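Below you'll find the structures, each written out as structure tokens.
Both complexes below contain chain A, partnered by chain B and then by chain C.
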Partner chain A sequence: MDFWYTYIVLAEIYVLLGLSTNLLVGIVGIFSVSQAAVFGVGAYIVAAATMNDTLSFVPALLIASACGLALNVLVTLPSLRVSGDYFVVTSFGIQLLATAIFTNWTEGTGGANGLPGIPPPDIFGLAVTETRQFLVLSSVLLSLGCLAFWLAMRAPYGRLLRAIREDELAVAAAGKNILFAKVSAAALAGAFAGSAGGLYGSFLSFVDPSSFDLDASILLLTMVVVGGARTLTGSIIGPFVLLALPQLLALVDIPTTIAAASRQLIYGVLLIAFMLFRPQGLAGEKL
Partner chain B sequence: MSAYLAVSGVNKSFGGLQALHDTNFEITKGKITCLVGPNGAGKTTIFNVITGFLPPDTGGVTFQGRSLDGLTRQQIVHQGIARTFQNLRLFIDLTALDNVLAAIPGQAGETPWGAIFRPFHTAAVQTRMREQAREILDHVGLADRANDYVRNLSYGEQKLLCVARVLATGAELLLLDEPASGMSAGALDNIMALMRRLQTEGKTLLVVEHNTRVVQRIADEVLFLHQGHLMAQGTADEITSDPELAKIYFGGAI
Partner chain C sequence: MILLQLLINGLVTGCALGVVAISFSLVYSTIKIFHVAHAGVYTLAGYIAWSLSTRGVPSLLAFAGAIAFCALVGAGIQQFLYRQLERRRASHLVVLIASLGMLAVIQNLIAGIYTPNILQFQIGWSQTTLRVAGVLLSYTQLLTVAMGIAAYLGMMFFAHRTALGKRIRAVASNPFLADITRLEPKRVYVIVIAIASAVVALPGVLVPLDFGLQPYSGVNALLTATIAMIAGGIGSISGAFFLAIGIAVVQNLSLLVIPGEWSIGVTFFIFVIFMLFRPTGLFTAR
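Coming up: the complex of A and B.
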């Protein structure tokens, strides 16, 4: 049973992260490949704060969320100046920079060895130690995330963001503040990614740079593409499908070294196949 | 009394090309002014300068006695000037209604926190805004296309939607860039009637137009622009009957 719970909790955390990526990449059209970096910052903040008993889980998660927000605003600021292809390269650089810091700042992040022994969340004195309990926590947070995403997208704000993706000049001609809309979308996406990171670290009780590298960012984009861009349903389906893959591979009797490689291979093939044959993903709109 | 909109001494160069050369003109409130001239005369550049899409090199624009110098595109719309684009620039993946809604100013729920923390207020205001957007669509004759995606509208309908979108901003001075180009005869009558109707409702229109028949039928005043400079100003008949201007227009004299 724990096997399933673990799968669902991880998938839920990735859905929260997927919402963030979908908001930025799918809806506003800021093609960021550095969302895993923001995810990582959230994870390390909660890990460091709760390990030293500096803070308990709830305030640590709030701080992770706030830092994700601030960081994402900073990293997406170049997108307001450079557009399209140029921004992809900029955000690629930001992702590499983040990985370098995660790997080399040994005192803060434990370097390549990571940070083991992150305590389980403690919600106002109630320790969340079992996977079952964690499932409740992640489901509650994800529901809040989905509700926020849904409310924002059905409101004029969602329409404004879609309009910006289609034609920024026309939105400007209508007298709308583009800068504000983009920055606030980045902030919202950052808050989502930061809290997803915090959950991730406390759930696994261990974080290391490999979860937050460029591969992770690409995996996130694959989730959005496979699930479907710009829709809530798509953001939910993508992570559940893609995270099921390693579980399925685990059932097949192949050596672990090959399993890891074949997983990457399958992700790659899926990404290409969806782009070519079903750009709208399983439940989304064309990217 | 100062002019409603005054463009004074505007120069604008792109590299070696002088698009606007000491351009001066004024337009009167409540009138339909047509801006004519051969291709490359600087008509669209004038629109870009007035609406803040391009800063002039020298000179400036005043609207109702207030200078527009240094104002952002957004602030200029809030002053009451809105424009359409020659190449439409509609949001083709949104419905006609959403295109209009996207241009209505000051809606609740246009910020993430408004949308997330005040959902009921946002929804209530949206219901009102939708009503308002429907009225605007009805006004331009697109009421039955409200829920259709823009890509499914005909070219003529898309042009009407552009007018609906500038109306949604609530601006008083509408800058229309070739609203009648490429339209069939029937659609042409429609858009001319619409422009007249907007005028009777108190809007002032500055219209770039190539079709002399349209100009003759709608223009109260015509501005003739040539090589970025105002060559003549007068009624449609005065301008169209001037042989010198006709020569320039049809490419005779340089």
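Coming up: the complex of A and C.
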């Protein structure tokens, strides 16, 4: 039973992350491969803060999400001012830079060995130690995330973001501030990714750079693409499907040395196939 | 002396990266696709050359084989991926995601076939070194510089003096007009990407002779190359080439004060400076 709980909790964390990616890539149409970096920053912040008893879980999570927000604003503001392709370069750069920091800043992040022994979260004195209890916590946070996403998309703000993707020039001509809308969407995405990271670290009680590298960003993009861009359903389906994939692969006899490569290969094939034949994903709208 | 050695190393790396930058820039300014999979083609070249030469093929022939293979792969990507996407009226974002998918496919096929570990790639002459004025230079490095300069001059000549080069520039500046004047943009695109893939295979086979082969190393090279392209001014061949050399030199000189694993930070810092103060680049094409 615990196996299923673990699967669901992880999938829920990735749904939260998927919502953030979907907001950026699906709704506003900004290509990003640095979401895993923001996710990682959130995870490391919560890990560092709760391990030394500097902070308890709730404020640490809030700080993680604020840092995710700030990071995304810092990254998008200068590049989106110029053009979308500049942001492609920026996001590749941030992702590689973040991996370098996670791997090489040994005092802060434990380097390639990672940080073990992150304490389980406690919510105002209530310790969440069992997977079952964690499932409740992640479900609550996910529901909040979904609600926020849904409300934001119903609001005029959501329509503005969709309109920007359809026709940026028309929106600008209507007197809307495009840069502000894009940067604020990125900020929201950053806050989601940061808090998802904090949840991830304290659930696994261990973080290492391999969960937050370029491959992880590609996995995230695959989740959004397979599930379907721009819809809540799509963001939920994607992670559940993609996280089941490694379990299925474990049934096939693949040497462990190339297991990671074959997983990533499948993500690549999925990205290409969906872009060619079904750009709306399983349950989304046309990208 | 160490300063001079680092300067030389920077120049050598810069020549290789410069060629990556001009080939990427050729695709970007003509087809207007941010061809991320180019990094995969770059990595592929080294592995093909390695496979051929460990099977006893003479090194020059192995290089030629790798270059030809990369040209084919590039043309295939255009014909079977980008063109199909264009027919489906895919947005810029969709093409980018597909290109990223292609990069993942190429890199992980390589990692699956050759294992993700670093592979040493040596040919009889590649490690022979010369000492010139106290600076150590290997034949590989000399060849890289010669290749870089030849590729740069060749590309300049090709783009400005040959009929095909002019046709490519015409298609780049106005695909619609090129279409009605029967310059056949779609065929030009395939040719352009094949040429760019062949050109990127040159540093692709030479750099591993110095640094070994790794399936995921292409992304770093491509990142520096795209930064050079932007900093040099999009559309400018000279800008991309010389800025790549400049960035590589700064990167190498920074080793004096900053450990090597942070060099990505140095590159990125240069990009941020350009983005803030001169987003159109140094040599903007008119």
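For the reader, a short list of remarks on this structure follows.
The rule we apply is simple: the second predicted complex is superposed on the first by the 278 of 287 C-alpha atoms of A that agree within 3 Å, B and C clash if a C-alpha of one lies under 4 Å from a C-alpha of the other, contacts with A are read in each partner's own complex, and residues count from 1 in each chain.
Definition applied: contacts are C-beta pairs under 8 Å (C-beta built on N, C-alpha and C of every residue); 3 or more make two chains touch, one makes a residue touch a chain.
These figures come from a predicted structure and were not determined experimentally.
Legend: residue contacts after superposition of the two complexes on their common chain; A:L137 is shown touching neither chain B nor chain C.
In the superposition on chain A, contact of A:A186 is made with neither chain B nor chain C. Once the two complexes are laid over each other on the shared chain, residue contacts for A:V33 go to chain C alone; chain B is not touched. When both complexes are overlaid on chain A, the residue A:S262 reaches chain C alone and has no touch with chain B. By the touch criterion defined above, A:A11 reaches neither chain B nor chain C. Look at A:A148: by the touch rule set out above, it reaches chain B but stays clear of chain C.
When the shared chain is aligned, chain C comes close enough to touch A:D85, but chain B does not. In the superposition on chain A, A:I45 makes contact with neither chain B nor chain C.
More residues of chain A lie in touch with C than with the remaining chain of the pair chain B and chain C. The touching residues of chain A, counted against chain C in their complex, run 25, 29, 31, 33, 78-79, 81-82, 84-86, 88-90, 92-94, 96-97, 100, 103-104, 214-215, 218, 221, 225, 257-258, 260-262, 264-265, 267-272, 275-276, 279, 287. Remark: chain C residues 34, 36, 81, 84-85, 88, 90-98, 100-105, 107-109, 111-112, 115-116, 215-216, 219-220, 222-223, 226-227, 230, 259, 261-262, 264-265, 267-268, 271-272, 275-276, 279 touch chain A in the complex. Across the complex, chain A meets chain B through its residues 148, 151-152, 154-160, 162-163, 166-167, 169-177, 180, 184-185, 187-188, 285. If you check the complex, the residues on chain B that touch chain A are 51, 53, 73-74, 76-78, 82-85, 89-94, 98, 101-103, 105, 107-112, 114-116, 119, 122, 126, 129, 165, 168-169.
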